[in-house]
Amino acid sequence: MTHNIAILGASGYTGAELVRLIATHPTMRIAALSADRKAGMEMAEVYPHLRHLDLPRLVTIEEIDFAGIDLVFCALPHATSQAVIKELPRDIKVVDLSADFRLRDPAEYQKWYGQPHAAPDLQKEAVYGLTEFYRDEIRGARLVAGTGCNAATGQFALRPLIAAGVVDLDDIIVDLKAAASGAGRSLKEHLLFSELFENVMGYALGGTHRHLGEFDQEFSKIAGRKVEIQFTPHLIPATRGILVTAYVKGEADAVHGALAKAYAEETFIEVLPMGKAPSMKDVRGSNFCHIGVAADRRPGRAIVVATLDNLTKGSSGQAVQNANLMLGEPETAGLMGAPVFP
Amino acid sequence: MTHNIAILGASGYTGAELVRLIATHPTMRIAALSADRKAGMEMAEVYPHLRHLDLPRLVTIEEIDFAGIDLVFCALPHATSQAVIKELPRDIKVVDLSADFRLRDPAEYQKWYGQPHAAPDLQKEAVYGLTEFYRDEIRGARLVAGTGCNAATGQFALRPLIAAGVVDLDDIIVDLKAAASGAGRSLKEHLLFSELFENVMGYALGGTHRHLGEFDQEFSKIAGRKVEIQFTPHLIPATRGILVTAYVKGEADAVHGALAKAYAEETFIEVLPMGKAPSMKDVRGSNFCHIGVAADRRPGRAIVVATLDNLTKGSSGQAVQNANLMLGEPETAGLMGAPVFP
Amino acid sequence: MTHNIAILGASGYTGAELVRLIATHPTMRIAALSADRKAGMEMAEVYPHLRHLDLPRLVTIEEIDFAGIDLVFCALPHATSQAVIKELPRDIKVVDLSADFRLRDPAEYQKWYGQPHAAPDLQKEAVYGLTEFYRDEIRGARLVAGTGCNAATGQFALRPLIAAGVVDLDDIIVDLKAAASGAGRSLKEHLLFSELFENVMGYALGGTHRHLGEFDQEFSKIAGRKVEIQFTPHLIPATRGILVTAYVKGEADAVHGALAKAYAEETFIEVLPMGKAPSMKDVRGSNFCHIGVAADRRPGRAIVVATLDNLTKGSSGQAVQNANLMLGEPETAGLMGAPVFP
Amino acid sequence: MTHNIAILGASGYTGAELVRLIATHPTMRIAALSADRKAGMEMAEVYPHLRHLDLPRLVTIEEIDFAGIDLVFCALPHATSQAVIKELPRDIKVVDLSADFRLRDPAEYQKWYGQPHAAPDLQKEAVYGLTEFYRDEIRGARLVAGTGCNAATGQFALRPLIAAGVVDLDDIIVDLKAAASGAGRSLKEHLLFSELFENVMGYALGGTHRHLGEFDQEFSKIAGRKVEIQFTPHLIPATRGILVTAYVKGEADAVHGALAKAYAEETFIEVLPMGKAPSMKDVRGSNFCHIGVAADRRPGRAIVVATLDNLTKGSSGQAVQNANLMLGEPETAGLMGAPVFP
C-alpha cells in the first residue's frame, strides 16, 4: 500500500532530507511539496542533488489538494507551523519538525519561544516524537512533534540514566558540539563558510538555548521531580552531526549498564563497549546514534558521549521513523541506509 | 534469489563503500570479507560506522571457502589483484576495482605501472567496466575491470563528444579536481588533515598520471586514431568527489547535444541544461554523475564540467552496477540512494 | 616618519586584512576607519580578532577629517568607490581596492561592469596596481588601482611568457581555483558553510567573469595585439587562496626560463624548480606568490601553476606594497610575515 | 644585539612555527636547524612555505657547533628531549617545547610518561614556562619548560579563579576542543584528512590525558591542597586552535572579576565583556588568548571559555615569549602579529 505524502516547507534542509529519505522508501510517495517563497520552482532548481527524482513542482500550501494526502511532514519554522497545522483537515496525520508542539505546558512554550501558543488544544494532543521512548503513543497519534536535534542527542545519552537512578540529578552537564546544518539554510554572517571554517565557538551560553525546555520537561517527567541540567552548545566546522559529551556523577559501570539495557533491542541506537568513544562521522547521513561511556579517574564520575546526524536521526530520519509507526509500516522502513564514511 | 558476495581487501575505503552499498541491496549478501593485515578483526573495529550490520569477521583470502561464493569484488592494490584473481575458481564472477585489468595492451600496462603483467590471459578476457558504454559485454563477462575514478569522470564528459566527432581531437585539456579519499586510507604526509585542509595542489603534472593509460586506450579506440589528451589532476580539501573541467574546441550546442543524446536513457547520468554548472556536492554519496556545458566567449570553444563521487560512481557504486548486470539483476538495484546534501 | 592612514570600507574582509597588516607596519598609523552601516561601532565588535589593537571607532566617510590623512585605502564596492574617491582632497594619495580604476577604457568598464564610469578623468590618471610590473608609475602616482585577485594570479603566471614571446597567444587557458573569502563577507546562499563545505563548482563559465577585462587589457598591451584568453574560475572549500593552472603552448624550458628571469630580483615572487608544483597553503596569510612549471607529455605544451593569498598578495597586501612605494617607504615594509602553515 | 638561535627538531610543526615567528623577530637570528631524519635537506624542501627565507641547511644535532649559539629551542619528542638537553653546554639557554621538564616531581613524570626521568637534576632546575605566571623565574632561568598546549589553555581559564578562591575546587570540569596540528606531523590514521574532516571525537576519555599531570601540579600548588579536575579533550576538524569550555561552581561576576583583574596588564590575554563567547578563529596564527565568562541559569554556576592557537601561544609563540625574557629583550618582540581572520 502506498501512502501519499506532502512536505510543507520543502526548501529547507530538513525538507530536502525528507525527500532524500522518502526517495527510496518502499511505501511512501511524495504527492506534494510546498515552499512559499519558491513556489513555482522545480525542486531540482532549489536542490540540484535531487534532480534525478520525478518530483511535484513546489507550490504554496494553499495550492495543495489535501484530499488524497495521508500524512503531512511539516518542516516550517516554529510559530508558522502551529498556524498551518491548525488548519489541516483532521483526518490527515501530521509529523511536525518544528518546535511548536514539543512542550506540553503553554507557559513553558511562551517562556522559551517568546510568544503565546496559537493552538493550545493541538499542543495538548501532540505526542513527543522521540521514537524509542514514545513508540506506543506515536503509533496511535494524529500529531507527532519531532524533537529538537540537540534535545534528541542529549536525551539518548541521559534518559536511561535518569530512569535507572544511576546519576546525581542535580549535577548533569552537557557540552554539545553541533554542525552548521542544524541552523538551516539561513543567511547569517556566522554561518558563512569563511567565518565558520577553522572555527569553534560556544553559543547560547549559560542556559539560554531553547532546547533546554525539552530537557527540563522530559527529564523532570522521568525523574518525578524537577531536573535542570547545565547545557552549552558549540558550533563546529562541519555540516552534519551533533556530538554530546555529558558529565555525570555516578558509577560508570552502572551508567553503561543502564544504557546497554535500555537500548538492547533498539535498531538505531548502538551502545559501544565500555571505554570506547564514538566519532561523529560514524553516523553521518544515517539514522543511527552511537553512545559511549567512560569512567573518570575520579571515582563516582562518568562521561557519556552520544552522536547522531542532526538532519537524519535528529530530525528528518526521526520524522520518517515516526511516520512509519503512524502509518502501520515497519519502523525501520527506508531508514536502514548505512552511514556515509569517509 | 540471493547472491553470495565476497569482498577481498575490505579494509580500504572502496571495500567499506561496497559494504555500505550492499547493506541495503535487495539480493546481495556479504558472505566473506578479507583483509590480510587486519584478519581476525571485526569489521566494526576497522569501520565503526558499519557496526549495526551483521557482518562476517575479516579473514585472510586463504581462509575463504569460495565454494558458495557467486561473485567476488576485488578491492586489492594493483599487482596484488592480478596475482589473487588468477587463483580464483573459474566459475566465480569477479569485479576488480584495481588498475590491473583496465588496459588491454600488456605493453601499455608495463609502461604505466612499471612492471610486466602477471596474468596476460586474464587481461585479454577482462571487460572494461564503464557500465554505460560496455553494458552488453559486462552482462556476459566473468571478469570486469572497474575504471579508474578519474578516468571515469573524464570519459563521461568526453566519450560522446569524440564519438560524435564534435570536438578537435588534438586539443582536449582536462583539469581535474579530486577529493582525498581517492588516495585511499594510506598514511602519507600530504594526506594528513593539517596538510590538506585549506590547501589545493596540482600533482602528476605534465601527463604522468596513470589514468592517462585509460584515456589513451578508450579515446583512441572510439576515434579510430591515436588521441592523447592533456590531463592535470589537483588534490582539493574534500573527502569525496571528483570534478572535471574539460576544455574542448567545438561548438557548445553540438557538444551539449551529443551529451544529451548519449545519456538520454541513462539513469545515473544527468546532463544539465545548457550553461548550468554542476556542483561536486550534488552527487556526494551517490551513484549519480552530473554534466554541464557552456560556450566560451571565443567561438568554437566549449567547457564541459562533469562530477561524480569517486567512491561510489567512480569505484564501488560502479562495481555494484556491473555486478548487477553480471548477476542478471536490475542494473540500478541498491544504487538509487539520493546524494547526501548538505 | 609616521604616515596617517584612513581605511574606507573597513568592515569588509579586505578592510580587516589592511588593519591586520598595518598593525605591525613600522611607519603607518591608522587614523580613521569608515564603515557606513556599522558606523558608531568599535572595530572589535565587527572583527573580534583585532580587539587587542587600539583603533579608532568606525565612522561614516563624512565624519572623517581628511586634513591630517596622508593616504587612503579605499575598500568599498565598485561604483561606490569612484563616487567617493572623486570627492577626496586632491593632495591625498589613494589606493583603491575596488574594480573601478583598473580598466583604462571607459567602454571596457561599461562592458564588464554594466554602467558608465562616473569619474572618467580619474580613470585616466589611475595607475594599474600590479606592483612588480608598474613599480615606477606607482611611485609617482596619486591614485593606484589594485588589481583583481584572480587577475593578479593569472598575470603573475602569464605576463613574462607573453612578454618573452614564448607561448602561443591564441591558445591560453586559465583554470582557476578560488577560496571563499574572495567573495567577501556577503550573505549569499552558495557561500554558506553548509553549501560550500565538501563542494567544488565552476562559475562564470564561458568567459563572463569580470576579471577578463583586466586580462584582455594587460595581455593585449604587452603583446601589442589583441589577446583573449579562456578563463574558468572555480569556487573551492577553503577560506584564503587562489591557485591558477594555466595551459600554454610553448616549450616548458623557455616558459620556466622566462618566469625565472622576470622574477629573479622579486622579493615576493618565488619560481619553483622545474617540475615542482606549488601548494595553495604554502602562501596563506602572506604576501608571497609561488609559481611552478611543468612540461606536458606532448611536446610544445606546458603547464604553469601560480598561487597566492587573495586577501594579501591578491588585494590588501598588494595595496600596502603599493602604498609603501607611494609614501617613499621600503616596498616590503610590513609585508615580510611568513605564510601561516599548517 | 643579535642572538644566535638553534632549533632542534625543526622538521615538526612547532619547529616550523618557530622559524615563522623568528623570521620577522627584530633580534633573533637562526644559526642552526636540526632534524635527524631529514638532515642534509633544505628547510624549503620540508616546508615550502619558508622558501623565501635564507635558512641554514638541516643537520644532525651532532653537526651543530654550539660555540656561537645563545639560545636553543628544543622541539624534540619527549624522552629524546631530556637526553639531548643533558648534553648541551651549560652556558647556553634552553627553551624546551617537549613535556620533559614540565613536571617537578620525578614520580609524577614516571606516572604520566611511563618511564623514569633521565635528567632529574635538570628537571629540578627547569622553570615552568607559562609566561604570564612565571615571568620572574623565567627571566633568570637557564632551562624553561614550555607548557602543554592543552594545559596552557586550561590554566589561562582557571588559574586566577583558583588563586582568588572564587570556585569550588572539587568540581571543575574542562571540556576541550583541539585542532589537528596539536598532534604534530605524524602519520596516524585518525589524523588523515578523510578521517578527521566532518568529524569530532573525544579521546583520552576519563582522565588519562598526560596534560592532567600539569593541571594537577599547578592547580594544587596554587590552592595549597590537592586539586584534581575532570578533563576531556576532543579532536575537531580544524588545523590550529584550542577552545576550552570550563564548568565551574562559583558566582559568574566573581569569576569574571578575577580573570579581568589577573590579566588587566597582560598584552596577550584578552578578557571579553561579561557574557561574550570567544571564537577559536579570532586568535588563529597569533600569540593572543581570548577568554569569556557567562553565568549559568542555575545560580552559583559559571562557564569560562578560553581559546588560543596551539602552535603559537600554546607552544612556539610562548617559547619565543620566554626566550625574549631570558635574552633581556622586550617580552612581546616578534609576537605582535595580529590573528589571521578569516
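Chains here go by letter, A, B, C and D, matching the order in which they are written, and residues are numbered from 1 within each.
Convention: a residue touches a chain if its C-beta (ideal position, glycine included) is under 8 Å from a C-beta of that chain, and two chains touch if they have at least 3 such contacts.
A quick note: this is a predicted structure, and the numbers were derived from the prediction, not measured.
Undergrad: Comparing the two chain pairs, does B-C have more C-beta contacts than C-D, or is it the other way round?
TA: B-C
Undergrad: Among the chains here, which has the CA centroid at the largest distance from chain A's centroid?
TA: Using the mean of the C-alpha atoms as each chain's centre, the farthest one from chain A is C.
Undergrad: Just the number, please: Cα centre separation of chain B and chain D in whole Å.
TA: Chain centroid spacing, chain B to chain D, equals 45 Å.
Undergrad: Between chain C and chain D, what is the separation of their C-alpha centroids in Å?
TA: So the centroids are 35 Å from each other.
Undergrad: Just curious, how far off is chain C from chain B if you go by their C-alpha centres, in Å?
TA: That pair's centroid distance is 39 Å.
Undergrad: Touching at least two other chains at once: which residues of chain A meet that condition?
TA: In chain A, residues 13, 181, 194-195, 197-198, 237-240, 278-279, 281, 284, 342 touch at least two other chains, as defined above.
Undergrad: For chain D, which residues count as touching chain C in their complex?
TA: My answer: residues 13, 16, 19-20, 23-24, 47-53, 181, 197-198, 239-240, 267-268, 270, 272, 278-279, 281-286, 288, 290, 336-342.
Undergrad: For chain D, which residues are in contact with chain A within the complex?
TA: Counting only chain D, the residues touching chain A are 171, 173, 175, 177, 179, 194-195, 197-203, 205-208, 212, 228, 230, 232, 234, 236-241, 243, 245, 247, 252, 275, 277-281, 284, 292, 294-298, 301, 303, 305, 307, 342.
Undergrad: Contact residues on chain C for chain A in the complex?
TA: Residues 13, 180-181, 185, 187-189, 191-198, 237-239.
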